[in-house]
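Got some structures for you, see below.
Next, two complexes with chain A in common: one pairs it with chain B, the other with chain C.
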Partner chain A sequence: MAVCIAVIAKENYPLYIRSVPTQGELKFHYTVHTSLDVVEEKISGVGKALADQRELYLGLLYPTEDYKVYGYVTNSKVKFVIVVDSSNTSLRDNEIRSMFRKLHNSFTDVMCNPFYNPGDPIQSKAFDSIVSTMMVQAC
Partner chain B sequence: MADDALFEFLHMEIVALVYKEQATREDIDKERVTCVSTLEAMGFRVGQGLIERFTKDCPTFKDDLDLMKFLCKDFWSTIFKKQIDNLRTNHQGTYVLQDNTFALLTQFSSGKQYLEEAPKYLAFSCGLIRGALSNLGLESVVTAEVSLMPSCKFQVVIQKL
Partner chain C sequence: MSFTRNLGRFEDDMRTLREKRTEPGWSFCDYFMVQVCDWLRELSIRAVGCSSAVHLCVDQEELAFVFEMLQQFEDALVQYDELDALFTQYVLNFGAGDGANWLGSFCQPVRSWNGLLLRRPIDMEKRDLIQRGEASLLDLRSYLFSRQCTLLIFLQRPWEVTARALELLHNCVQELQLLEVSVESGALDCWVFLSSLEVLHRIEGCCDRSQLEANCSHTVGLWTYATEKLRSLGDLCGLVSENGPDSEDLNKTVDLLAGLGAERPETINSPQSPYKKLKEALSSVEAFEKHYLELSHAAMEMYRVIGRLRSARLVGKSLAEFYMWLLCFACFLSCACGFFDRVCRYLQTSALLASDTNLSDEERRHFCQEILTFARQTAEGKGQQKDARVALSMSSFTRLQELRFRPSSALVHVSAALQLELRLCSLMPVPVTLEQISASIHFTQEQPGSTAQKRAAQNPDGTVTFPAASPASASASALELCEILEHSPSDNALSSAGVACRNMHLLMRRHDSTASLDTPNTAPAVAMEDAAQMLRASDVTLLPGNNSIVFTAPSQKPGSYTLRQLCATLGCVQFILPHIYPVVQYEVYSQEPQLSIQPLTGHNTDSMPVLHSSTCSARILSSSAELLAESALSIQSSEKVTSISLPVTPPYHTLEFLLEVLCHIPSCPARMESERLTNGQISRRSRTRFNSGMTLIDQKVSVDCPWSIYSTLVSLTFHVPFTIKHSLLSAGRRKFIQVCLRNVSDTNFRLTNQTLTENQHTPSLELCSLNTRTHSLVFRQQCVFSVWELRWSGVSPVSVHCEFSAAFAPADAPDAALKLYRYDFTLERVSTLYSVRAEIRPAVGEQQCCTGSLCRLEVSLTRLSEASDSDEEYSETDGLRSSRLLYEVIDNSSNWAVCGKSSGVVSMPVAAMATHKVHMEVMPLFAGHLLVPSIRVFKYQPRLASPVIQPDTDSCLENDSLSLEDQAETASLRSRGSVQSLGSGESAQPRGPMPKRQAFGPGQVFSGTQGQQVLVLPAADHHLMEVNVT
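This part shows the complex of A and B:
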């Protein structure tokens, strides 16, 4: 279960960011912002290496003492960032990958919605509900 | 079964509607240019959405040429049920995509008849290509030309910043 999920556009501004409200939201915004640097490094770094198959899933970006941050970038350079609680060690790589798949699927649906202009903040209720299923239930 | 025909009919009606609406307004000189821009803009938005859906499961592209090949093969065949017949490049950002039997033009004629009407029906597809490229990170200018129906060439010039 994630504590914070963010969708960042190609130009590196947030399209959608939501965190568990019980903890300081500002801290999560800051974490997501700093993780963007790591994402950029991974995207450009692979280009210089052997040009073999590059995956969309970037994996663990960096761990802090409380949280782990995972990243995923689409072909249209939209980045998804998920922050999970470190104490929840039962989360396997596969589960994180499937969370990103669900996010990407519902982001694609948002993109195909004629009422959505690319570059606007995401306001789709369907997207919100998918994200809610992946967040930690606030108690 | 009837999938291909559905889009072709819809496309014909869209073009007819855009031109009819423009004809009811006063300014005849600007008529052609605005209609083509409207159709191109529609294609642009559709291209953006489509590319998001199609590249969902693909790995990242190595370079521009790889991207253009994807456009010519997978993208074109998913939309028009065939691949681009010929891709030429000067390796400096200009690509020419040639389609010898363009799906939206096959019903018009197989020669020179109705040649002057063809550009209207190509505007949407130009926008489609431009939208797809824009969402993949490449700003471009796409133009189309027809010399012999139903074959047409799309010229893509990548704008390097």
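This part shows the complex of A and C:
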């Protein structure tokens, strides 16, 4: 499953980021950060008029030797990034999509929380647990 | 259409074969290379249209080949993709535990990692390996990819190649892990590095630059991947370790390089092949650094171009890490080398702090003292570390303000004084005494003037103004702060106050990383160049604030000097300004010595002094420091080359000396036309002119100097002061030679030793001087005569060659100035042949001659010697030889009227003392002592002995028949010879062969009665008496 899951605000600052091997946390941060380049490229690549019909799932952002980075952008320009271990070959595209969908739903729930201030780091336990289900079971 | 059907059947076959893959014993390799029935082979042959087809193994790949040959690249690609996907699936299944035996061959350890090979359309080598079932996973993947790559490039989709390549590389790495193939660590890195560079090269090979730049979003992934891999290789091989690679690392490197095998023949000639790059990068720390930086910068640049700034920064981060390591490494080195670099950095920081005006004075003094203390310590203590000097940047120490040249043109002569005044502002808080401040100079031997345009930075007044602040201090000092107060408009109360930075846009500007790469950290970059020439100033004390240092610039050689670096030495510490900007140049030129020659003329310039010699002063302006003593001045004149050695002359001194030029008066001026050559070169051109009685001799003198290829030519005109004439005088048989020397100049001369010598030294000849004085003065425009008697014994000489010589000098000159003057002449026909006497007697019966009465003129011609003149013609009649003479009575003063013929021809027998007398009648026209008319005698040569003029030869007066002819003849002769006409208006008609008369040489005919006078009385019955006194 995923090794890193990140939620990034419209203004490109992280709302939530969590990765499994905690020792390489910085590396994942870099990876997610770099992936924003591709996300922006993909968003701007689609014309403004088509923005509404655009699919939220961005697909594989870029592969590295060890990881595959997938992206997802909500209509409010909040970005979800999921990093998956490359060796996990059994993971299909559909599974990634469903992961994003689950993530999106959970994020919507967070946003619906009246005590949540939009733009603040997400500190919801429910969101945490959803992310945990998607993360590699190793930990 | 049978072809389509056949193809369809083939594909069906293929499919059934594939269906069997779940059965045990199926092998991918067999399937890959499966043999299919002959008809398919034929089909393919037919399809290709090539009768001599090789024995083709038809399988799925063959099918792809078929498609490829049919130009169905898309379909061929699909076949390969299918193969690829199939293989991938197997690997995945194998990883999932679904064992397939044939995969075992792929699980053998990887032994070769020589990257992709995309330059051949089909890599038969690998294909053979696959056919034999010996291929490793990398081989198979490489082969498949190279085929795909070829097809994609055929399809004009190079950018898909890069995407697929990246995928393939990732995939392979994963698959090898999955299959648990044992791979030597680093081997995959090598493979990936080589492969990605190979793909990039292949793409570069088929696209032009603009296409590449537009599509670098596709290639940047490969670049980054290659960079990462190189970095990890560097880590692995100890190239990024503190103390360089140890033996273990080296072993590792050797193993890795061994796995690369030999370089493929395709790339062996290209200098930038991935193979060579990798080998070089792994060879040394420096090479690795170079390649790594190169790749990193390429990747970063591409990311920046496509707008992926975050990715660019990520690469930049790893680069930064690398730099960090470099720093650490430097740190480590400095530890090892006695804290050298750390000290260096500390001192640099101290210098920066000491110059920072924002700090308190106390702090600044402290840091400045740190530097001074260090400099003093090291200078005292560590003599052995003389070369270990600490080089610091000068920008924190002083700031250059202005440089002034003196003279301001910055253009001086060789070894002339040129001073440079450097104004600089010391940033130190205390006075600093520098041992030396020096500027290295770059010298180029250029022609002066060619660099005049380059010195645009120099002001016309010879100053160079340096930019107000060097970049380092700009960021430190240029913070422009101002306070902002805002008052509310209503009640004018202060509503806000703040501080704003006016030039924030300058300070906050992002510095380009590539630019900053050039000066990464100033300390190691600052190095003093070795320069042959330096500007030096020793023991300079720099006070805080403005200082002025005067340098004396070297100017030993002509050329252009450019100031390069400035270095201030303080003990062991050197403050170095690596580049002096703007460019400061000065030029040194050299000037050859100049030579000028001025003829010294006493009088006007046109005519040289009339002397035989004139004095010339040569003026040599030496303007170089060369030793002129060694260079001899050679002066060529006429046949002689004169060399003059000059004394050592300091520069800018004038050497002036007099040259006395003598021109030998040519002994015979009339023959002086020949030009003589010396050493194959005309050294003298003398020309004689006769001008107003004086002979002019033009001489050219050329002066050759060793330092110049040009010769200086001086034209001198000499005047021969004398004209000379000689004459032969006779008195009967005695002969006298008279030489008349005329001084045509305006100077009085002294003449001595006038001698006349006979050139041939004939013993029978003797010249007796009749001159009484040996010394004589010849005044200007006057003549001096000298006479010699010519005596001979025996046969009279035919011709006498004589040379007159006299020593002469200006009248007031000493004897030493005497010069010889020669005059050559030749006398012909010296001896007297005939003696002519004329006698006038009164008519018979008269006592005296009276005017108006006829007198008798008796002319007697006597042959004095036997024929010795070869010119004489003889005619022989009756055995008697005789020569014919023409005589002529000439009365120049019209005193006499000749009655009858005045001329006639006589025949003289050739015998000594033969006398012929002619009588004629003359009438005196005046009374008094009248000169006897002169008689001239000529040789008479009847032309061609024509019989008409053959006389009767009775030695009488010529007969009348001849007289008419002769009369006409003589008249014509007279007019021709400008002899006084006797009133014969008859014009000579040239007719037939003409007789010719020929004059005798001077002295051949002696007139014995010349100057004799006859008393003529006036006629008695004349009322009027005319008396003519001559």
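Following the convention adopted for this analysis, the second predicted complex is superposed on the first by the 129 of 139 C-alpha atoms of A that agree within 3 Å, B and C clash if a C-alpha of one lies under 4 Å from a C-alpha of the other, contacts with A are read in each partner's own complex, and residues count from 1 in each chain.
Here, a residue touches a chain if its C-beta (ideal position, glycine included) is under 8 Å from a C-beta of that chain, and two chains touch if they have at least 3 such contacts.
Predicted, not measured: the structure shown is a model, and the values here were computed from it.
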Which of chain B and chain C A:Thr34 touches, first, second, both or neither: second
Touched partner set for A:Lys42, first chain B, second chain C, both or neither: neither
Contacts of A:Glu65 with chain B and chain C, given as first, second, both or neither: second
First (chain B), second (chain C), both or neither touched by A:Cys112: first
Chain B and chain C contact sites that coincide on chain A, given as residue numbers: none
Chain A residues within the chain C interface of the complex: 30, 33-34, 36-38, 41, 62-65, 86-87, 89-90
Chain B residues within the chain A interface of the complex: 45, 48-53, 55-56, 58-63, 135-137
Chain B contact footprint on chain A (complex, rising order): 10, 46, 51, 53-56, 73-77, 104-105, 107-108, 111-112, 114, 118
In the complex, chain C residues that touch chain A: 92, 95-96, 166-167, 169-170, 173-174, 177-178, 192, 221, 225, 228, 303, 306-311, 314, 317
